[in-house]
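What follows is a pair of complexes built around chain A, which joins chain B in one and chain C in the other.
Showing the complex of A and B:
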């Protein structure tokens, strides 16, 4: 894990112009892989494909696994087709947790060189090119760029679960909600430098808004995060 | 040596947290067996698979499981809510009114707070009182932030804190059968509740 030094940022999505404070936290350098996940289900049989409760994972859970202990694809490709419940439990079992959406977004706005690259054309173009590339979930973790924090693959392989993914209120089903997020749609009205950025992030938020916690998708994996405690000074020695 | 200590410490921490989960798992497994012998197994899709602890408006600690056996009508609200929640409360009351007398006892109406920090048991009690919902059939629950997020995930209720006293959230009333399986959901405010009422009537004994 690496430390992401906290700060203030303006999320694309949220209350208008409300800056969000993000505390320093630790984040996995790489997404959880097939190999990692296999170990998890072996140690926690309740999460094997044939055992998992339907409340916690839909039918596409580990869809490409041929049985309870055989994945297909590269051992070091990101695990995909996992539900939010499964991802959450995995992280808990590592003594970690899923990153919050703000933590994830905060870490993911970095490119190789700067903390916030969201206005840099090449950063946005990279994300959009990824959206167009097929089957990136089949690639090895660590095969995209290493960002400012030392974290890989936040963009380029799979989307990732966040702890509070269900705080996005823009799915088709929430159209009846009192409080639509018209903020998100404003981007389409303005033609300007921030369009690419808005579009790239909009896709991500819209995807989150469309998911339910028991759903799984081949384009969706996860990584874990952790609060910073004094103890972690020791852990760095590992 | 210092390094070694750290490693041990870290390892033991990791072990503890996973042990906790496996302990929970085995407890659930035992519970499953007990339920089995009781010939009333908790089904795969039952919300009673959720291990979370909740506090009621009276300050009692309960597990969801304890609600098993009744039809549940559930909604997520927060008491400082000005706009949608009074409507949702009215919707729940309206549903309750339409349930025939002989079935009323089999239905539990549950309000789960999405703002556990503000919605203390005292606050929930006051809210119940204001809304004249002091009878046993009205249950107000508050959990940890994490369990609340998980519960919302199960209900497919999305919510987001806009400010310390304001949330935006999906307006969904969910009906669960006696075994905790989702039977019906109605979404929106003041919508036609005919189907919701009918589902409850069909399920209730």
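Showing the complex of A and C:
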């Protein structure tokens, strides 16, 4: 894990003066891999494909696994088709937690060189190109760039779960312009946005908004995060 | 329903007529009863909607009664070819751009199943302009990858409507191909015609320029500037030309369901050599007659009808002309049959006319800076392939798919004595254009070819392709030969 030094940022949604404070936190350098996840289900049989409760994961949970302990794809490719409940449990078992959406977005603003690359054309184009490239989920973790914080693969392999993934867009309502949390379609999407150029972020929010906690998806994985305080307590374990 | 009860009553009386009663089940499917409000039209029976890929359309509704119609549409993000050698990741409704054609009638109740393929990266939804309801269904249909959403609506207004994805960023979803047409026929159906086709314009914004090889990503800045590299009918260059051309016979009436997916441009839709007998303006009830060019707004439509009176190739264009000749907005309708001299005589006289100040026209040169990123052909086979791609992208509009040209207008390249006689002259014409009278295979031509903005490599590929096709002299043209002509 590496430390992401906290700060203030302006998310895609919200008035221009609504800056968000992000406290310093720790984040995994790499997404959780197939191998990591296999170990987890072996230690926690309740989360095996055949045992998992429908309440916590829908039918696409580990869809490409041929049985409870055999994944398909590269061992060091990011695990996918995992529900939010499962991802949350995984992190808890490691003494960690899922990153909040603001933490994730804050860490993912960085390119190789700077903390906030959102105004840089090549950074945005890179992300958009990835969103359009098919089948990137079966690539090894660490195969994209190392960002300012030392974190890999925030863009380029899979989407990632966050703790409060659906807090911006819940219903998918279209052209109501009263409720700013639910206007991510068509014209109203533009009304609610603070930065019209940030198409890449639009797509992330749209994706998160389409998910439910029991859903899982071929192009969705996760990584864990941790509070700084907790790290100090658990320092001996490392 | 009342009709059915009466018939059942009859069958009770005459047992032996049960088969006739069964047959009349078909008749029972038709009704003359009219309703003041389309909401009140009852539906009977359930039917799975026939969906078709462009340029085809499903069977007309005819006189059938309103039904519950199940529409099953799958969203696929998939790689396709924009023009020879140029790849693009399309986002599609049903695997094609434009998406599957949906055909309904007023009063139908649609149960819409929108499926998002598990391999897809993005959530999508559908906004059908035929829907009376918030978001045109966008809210109810917002679907994550690997999921299916079901929603239903009743179609109340007849007309030809666009549907499109309305997930943020909407412009990008549309620019990648997420649009199609849904037709709502009036009670009793549209008047039958001989041929019906589905044509939809859309523009694409790619990182590289027109014809740049390889996988081309969506270019956000060009999209915001509304400056597309491709303006095409049915998703890619050549979707409706050559072997893919639409066909008809002399004397037939052709109906085109024309849409414009945009995302930004407005189409000046025109068929060269035809006059629209009838246009359903903007896809609605308003009928206009004898129209040359009809305007189709972004995310709008028109139904055009015309009787084809003479044989030949009729070219469909967006008459914003550079889109047609430089960005791909060309489609073709081939009409076969007997010539009709009363309607069109063909050429009867060719005189000389040379106004003052006529000069060779030229295309803007690209400063020859392209060389740095150009993919070079490494073998003869590759040269032929690249050359063919370039031919299909640049030359085919005039010289045609098999180099046959167009009699009286564009000289043939196939078995061409003029071409085979002098390679340097051919190179020079590609580089600098040609105007004035020439004789090719015994026929006189007097028209203008513009200078082409191609690199030495591209000229050598395309001419090698031309010289090694259609019975020509099999010369290989090298970039050095082109350079020599360019520098002389």
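Heads up, the rule we're going with is that the second predicted complex is superposed on the first by the 199 of 238 C-alpha atoms of A that agree within 3 Å, B and C clash if a C-alpha of one lies under 4 Å from a C-alpha of the other, contacts with A are read in each partner's own complex, and residues count from 1 in each chain.
In this text, a residue touches a chain if its C-beta (ideal position, glycine included) is under 8 Å from a C-beta of that chain, and two chains touch if they have at least 3 such contacts.
Because the structure is a prediction, the values reported are computed rather than measured.
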item: Partner chain(s) touched by A:217 [first = chain B, second = chain C, both, neither]; value: second
item: Partner chain in contact with A:115 - chain B first, chain C second, else both or neither; value: neither
item: Touching partner for A:35 - first (chain B), second (chain C), both, neither; value: neither
item: Chain B versus chain C as contact partner of A:63, first or second or both or neither; value: second
item: Contacts of A:92 with chain B and chain C, given as first, second, both or neither; value: first
item: Chain B versus chain C as contact partner of A:3, first or second or both or neither; value: neither
item: Touched partner set for A:84, first chain B, second chain C, both or neither; value: first
item: First, second, both or neither for A:209, with chain B first and chain C second; value: both
item: Partner chain in contact with A:129 - chain B first, chain C second, else both or neither; value: second
item: Touching both chain B and chain C, residues of chain A; value: 171, 173-174, 176, 209, 212
item: Of chain C, residues touching chain A in the complex; value: 77-79, 89, 118-123, 125, 127, 134-136, 138-139, 142-147, 166-170, 172, 176, 207, 217-221
item: Of all residues in chain A, those that touch chain B in their complex; value: 14-15, 43-44, 46, 53-56, 84-85, 88-89, 92-95, 163-164, 166-169, 171, 173-174, 176-179, 181, 209, 212-214, 231, 234-235, 237-238
item: Contact footprint of chain A on chain B as seen in their complex; value: 2-3, 5-7, 9-10, 13-14, 16-18, 21-22, 25, 44-47, 49-50, 83-84, 149-150, 152-154, 156-163, 168-171, 187-189, 191
item: Complex contact set, residues of chain A against chain C; value: 60, 63, 121, 124-125, 128-129, 131-135, 159, 171-176, 184-186, 189, 197, 199, 202-203, 205-207, 209-212, 215-219
